[in-house]
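After the structure tokens below, expect a handful of questions from me.
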Amino acid sequence: MAKKAGHYTVVGTRQPRLDGALKASGRAEFTDDVVLPGMLRGKIVRSPIPSGKILNIDTSKAERLPGVRAVITYKDTNGLMSGSDKFLLCENMVHFFGDEVAAVAAVDEDTALEAAELIAVDYEPLPPLLSMEEAMAAQAPALHDFMTDNIADEVTMSFGDPDQAFAESDYIREDEFSVQPTHSAFSEHHIVLADFSLPDRLTVWTPIQSSAIIKSSMASNLGLTDSSVRIVNLHTGGAFCGRGGDKPHHYIAALLSRKAGRPVKIMCTADEEFLVYRGGGKYKFKLRTGVKKDGTLMVMDADLVHDCGAYMETQFILLRFVGSNMQALYKMNASRYLGKLIYTNNPPYFFHHGAGLVAMRFAIDSQLNLIAGELGIDPVDFRFKNAVEKGYITPAKFTYASCGLKECITKAARKAGWKKKYGKLPAYRGIGIGCGMLRSGGKGMYDHDNSSVFIKLEEAGKAALFTGLPDMGQGSHTTMAIIAAETLGIRIEDIKVVAGDTDVTPYDVGAISQRGTFTTGNATINAALDAKRQLAKTAAEKFGVKPAVIIFQDRKVYPKGSPEKAVSFEDIVYATLHSDEGRYVMGRGFYNPPSGQSDMSKYEANTALAYSFGAQIAEVEVDPETGMVKLLRMTVAHDVGRAINVLGVEGQLDGQVFSGMGQTLFEECVMEGGQVLNPSLLDYKLPRPFEVPEIERIIVETSDPYGPFGAKEVGQGPIQCTSQAIANAVSNAIGVPIKELPITPERVLKAIREKAG
Amino acid sequence: MKQILSLTVNNDTYEVAVSPWRTLLDVLRDDLGLMGTKRGCGSGTCGVCTVIIDGRAILSCLTLALECAGKSITTIEGISSPESLHPIQKSFIENGAVQCGFCTPGIVMTSKALLDEKPQPNDDEIKEALAGTFCRCTGHIKIMEAVKKASKQ
Amino acid sequence: MRLPRFEYVRPQALEEALSVLAQSGSRAKILAGGTDLLVNMKQRTVCPEVLVSIKTLSELLMVSSDAQGFTAIGSGANLTDLAANAGIAEKFPAFIQAVRAIASKHIRNMACIGGNVCLDTRCWYYNQSKLWRDARERCHRTGGSVCHAIKGAARCHAINSSDTAPVLVALDAKISVMKKGENRLIPARQFYCDDGIRNTILEPSAIVTAIHLPDGNGAGRSAFIKLSMRRGIDFALCSIAARANINGAGVTDVRLVLGSIASMPIVLEKAAQVIMEAGLTQSAIEKAGEVARTELGIITNLFTSAGYKRQLAGVLVKQALNELKGKTAKRGGAKA
């Protein structure tokens, strides 16, 4: 279905987002804006210690407080689990500072807060395991009683013959890299409104990346049928990988509502955000890489230990992503990977912006820079030489039907003036390149990775597009409207998107694994084609031709080759709806990428049909006395397959460069005693307007044969390049390798000092 | 002890009974139903709750409702009608400065206060005005472009 | 985050406010801009029974010059108004630079100078929600006897992050403090205390009514530099206010005052002495930077390590002295 560029009327234009006016005028509805009759406010009581036994919970005072309508503890949860290893409300053990212990619902927030403080919990503190080293020590007690040690998960992957490849290498380098915990910090806090007043009907309003996941999880965990649960996902204030599916607060609100017989809203406070979302955990990489003298990459061996925190959540997926993606960017013969996920008494970690792969890309690309340096090869040439290409199959069997990596490298280098600058900048100025890739429309948690779309046509020739794909800000609803408009031969303003209510919208696995544009986009094309087929029947009857020759273009319908016979799209829709049979026009489309299954025991699989690629070049200035780094300029080239909406693509590039810069230079959850010491936007140093770099955007279009109009993801691919570009630039500026993120001023100074001896 | 308060919001006058500890943000959202002003960090660091009082961008989460008696308060609902958006809003939409939209009302109000005061701000003045806001989605880049473009109209 | 319950009073005149405060004692807190106090109240570090709103008291809004050669700025002066006050900026450029470096424009639109001068100290073991704070052993500030910032310390080492405090000390400003029946003018240096819990001498029943900047000191060479991770909405990692008189005879009256690294602004006597002895030569400036690092006493690892603070102190001393010398300082990171 990929056509040549330039043949489109809507695809490839700059379209302001459809909900822009609603959002810019404050009329867009977010979960906190929903107020239901009789609605209560909920508050969660959390563990004040990172590890310990619960000796007693006394809720009597809270229950007696006027205005309190429900109090719940473990006893009210029927042993309900949240994930594979966590009781929704702790039974007799707490495992992290912030662990959910009890909850209250009251008539207003002040009363709920007061009631929560009246719940008296006696704890017997236990010595916490606060670092991976402590947790892995031979004598360390197992954090969970169902375990014998603290290795939450372990995975080994080996592709090709790594030993042979190392033996054939001329040069082998080994380094260690680490990345500190980070946080997504989206502006809309975690929030849920649950109405479980009746036992067989649960409605949950919440910002989420996947209504499908939360719906099926909540149904099965609460013993409900799928159809008893309705998820309403209104506008969502950012997600960045942090709002994948169900979390404890969703269940807590539901149980409180069940007990009180009234709807309950829980909104997390700013500091609770650092307990509920939980950030990306600490990574430690040991990386060994072999190359030939001429710079040909041979083999890579990576050991990862990753702090999982107290509970597993979905980190096991991350652990596997790292192993199957590490050899996917540069050609190599073989690779080996050993990944370990370690339970500690830190807050349970999760994905952070970049699908959990940013740390790995930072480590690999930083080491490659060091290798290039030792071999005397220009870092750009080194990457170009080893870059994967169209048609390449990686050791893990990723198969590249389209690939613009080399084009990205070349164009970014040219635009950034690499040749003029590399090695020629004044002291303490540096330039660095980073590359990245990411699968597009990957198989997520389900083999059945389906998106479905309905397109309903109305008399005036307008269309309503029904999708279950959430738009957390990335603009996917506008993207779907563009795809539908292009396919139907109408304008974007003829389309309205209906989304966010599982009682109304069709099944969609959601905005995870970069599947929006790719998977739901293909489903949208299919739905539009289905609608066209229904209209073509009417047109064919009218023109006395076969339906297959009917053309839809510019809101006109005509037989192929006879544009002079054209009638308006509106008339054909009208005629169909008003046909003798009353043929209602409802296009139905679905798509499940026929890519490899995400088999957890065998890692060789082409788990997506398309992959995006990118290269970024950072230019920095370092103050050698304070260690402060300023990112001056970022040149961003990304192979998006096809830019469906150029304005939207630019927004994604900008946002990821900025977020990536934050992760690289500013952001760190400072941990002590299992607590984040900086749980606020004041102390967790997200960059702000003054820190914005100059940005040069280069959109590379390779027209992927499987993508809708050739499009691939741009949702988390660009951020795969950012950290290492900046780190390599800093390293270039100060002449010292950078091996830890974030690159705080203190770490920079330390590096400069160590170099000076 | 609730006090009866007369609040002038978007040129409408409301009489509300409020406890001293309630913030302007609480009253706007919970009593007056003006939900366009969003609830963010609650401690003055994100700018999501920005409204304009007597021409200046202020944080409604750190303003006691009682202290607003007799002042002219403008919220996002007061700067335009659905049929005719403010030039800043149009510029935000056209230039891709809106993504998830949660921070947008606060940033629009911040930008309006800036352009009302300085119709042609330079880059540094734009950054200074927006420094107390926070947009993870756009990285502020297109927001600053949108403010700049709106200032030229 | 919710505010705790309190009683709100709004006196119509300063005298009335002083009476209310005299009656309420430590049960009351003064509410002016509220940008710091209300955050602390939301975190329950402060739970006053009474808030005395002084925002509208006209006595606190005056800006005037007096016969003794001081410019008096009422404590209620709004920070945005002050930042735009060309007359004061001309007389006291370092002071206005500090005002402009405070937090964000939103905060400056709301806050007043008195609040920044009296800004409470911060510590990330203390300035947290109740859940966070209660998770730790009680510290000096929460009624215990340990300090989480400096293990074994006998007192609270929370940090004074006021941007204007070091400038007031460097300029030898005076602070006008009133309580019922008493009006005192206190040199800024004596106003601040080296104690994280009680970082000014201000009693609960007293109000800072004005700051008095000596006209003679502002016009001399002065500088203010703030280093922070972000430019905008950030406290300093370290700041410096500096002043010197440079005349034919050499350099006299050198003041170097560091902010944001201890419980009070730190006056660097020895580093200043180096310059007064040798003048603003390049080698003396280098030496002053070195001396500054060693001159600092025990400092904390709060927000950033003690070693890094020491480094920044040395760097800022050099940058400030270079600025006094007339050179533009080297570009820093997020320098305000």
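We call the chains A, B and C, going by the order they appear; numbering starts again at 1 in every chain.
As a working rule, contacts are C-beta pairs under 8 Å (C-beta built on N, C-alpha and C of every residue); 3 or more make two chains touch, one makes a residue touch a chain.
All of these numbers come straight from a predicted model, not from anything done at the bench.
Undergrad: By Cα centroids, which chain is closest to the centre of the whole protein?
TA: A
Undergrad: What are the two chains with the most C-beta pairs touching?
TA: Looking at every pair of chains, the most contacts join A-B.
Undergrad: Indicate the whole-number Å distance between the mean C-alpha point of chain A and the mean C-alpha point of chain B.
TA: The computed centroid separation for chain A versus chain B comes out at 29 Å.
Undergrad: Please tell me the distance, in whole Å, between the geometric centres of chain A and chain C computed from their C-alpha atoms.
TA: Here chain A and chain C have centroids separated by 42 Å.
Undergrad: Listing for chain C: what residues touch at least two other chains?
TA: In chain C, residues 1-2, 5, 231-233 touch at least two other chains, as defined above.
Undergrad: If I count partner chains per residue in chain A, which residues reach a count of at least 2?
TA: In chain A, 269-270, 682, 688-690 touch at least two other chains.
Undergrad: Spell out, as numbers or ranges, the residues of chain B touching 2 or more other chains.
TA: 42-43, 45, 127-128, 131-133
Undergrad: Under the touch definition given earlier, write down the residues of chain C that touch chain A in their complex.
TA: Within the complex, chain C touches chain A at residues 1-2, 5, 124-125, 128-132, 134-136, 227, 229-235, 237, 303-305, 308, 311-312, 315, 318, 330-334.
Undergrad: Okay, in this complex, where on chain B does chain C touch?
TA: Those in contact with chain C are residues 1, 3, 19-23, 42-45, 47, 50, 56-59, 62-64, 66-67, 110, 127-129, 131-133.
Undergrad: Inside the complex, what are the residues of chain A that reach chain C?
TA: Result: residues 46, 48-49, 97-98, 109-110, 113, 117, 269-271, 621, 623, 625-630, 666, 670, 673, 675, 677-679, 682-683, 685, 687-691, 745-746, 749 of chain A touch chain C.
Undergrad: Under the touch definition given earlier, write down the residues of chain B that touch chain A in their complex.
TA: Residue positions touching the partner: 35-43, 45-46, 48, 75-77, 80, 82, 85, 89, 92-96, 98-105, 108, 126-128, 130-144.
Undergrad: Which stretch or stretches of chain A touch chain B in the complex?
TA: These residues of chain A touch chain B: 14, 16-17, 19-30, 32-33, 184-189, 235-238, 240, 267, 269-270, 472-475, 647-648, 650-651, 654-659, 680-682, 686, 688-690, 692, 695.
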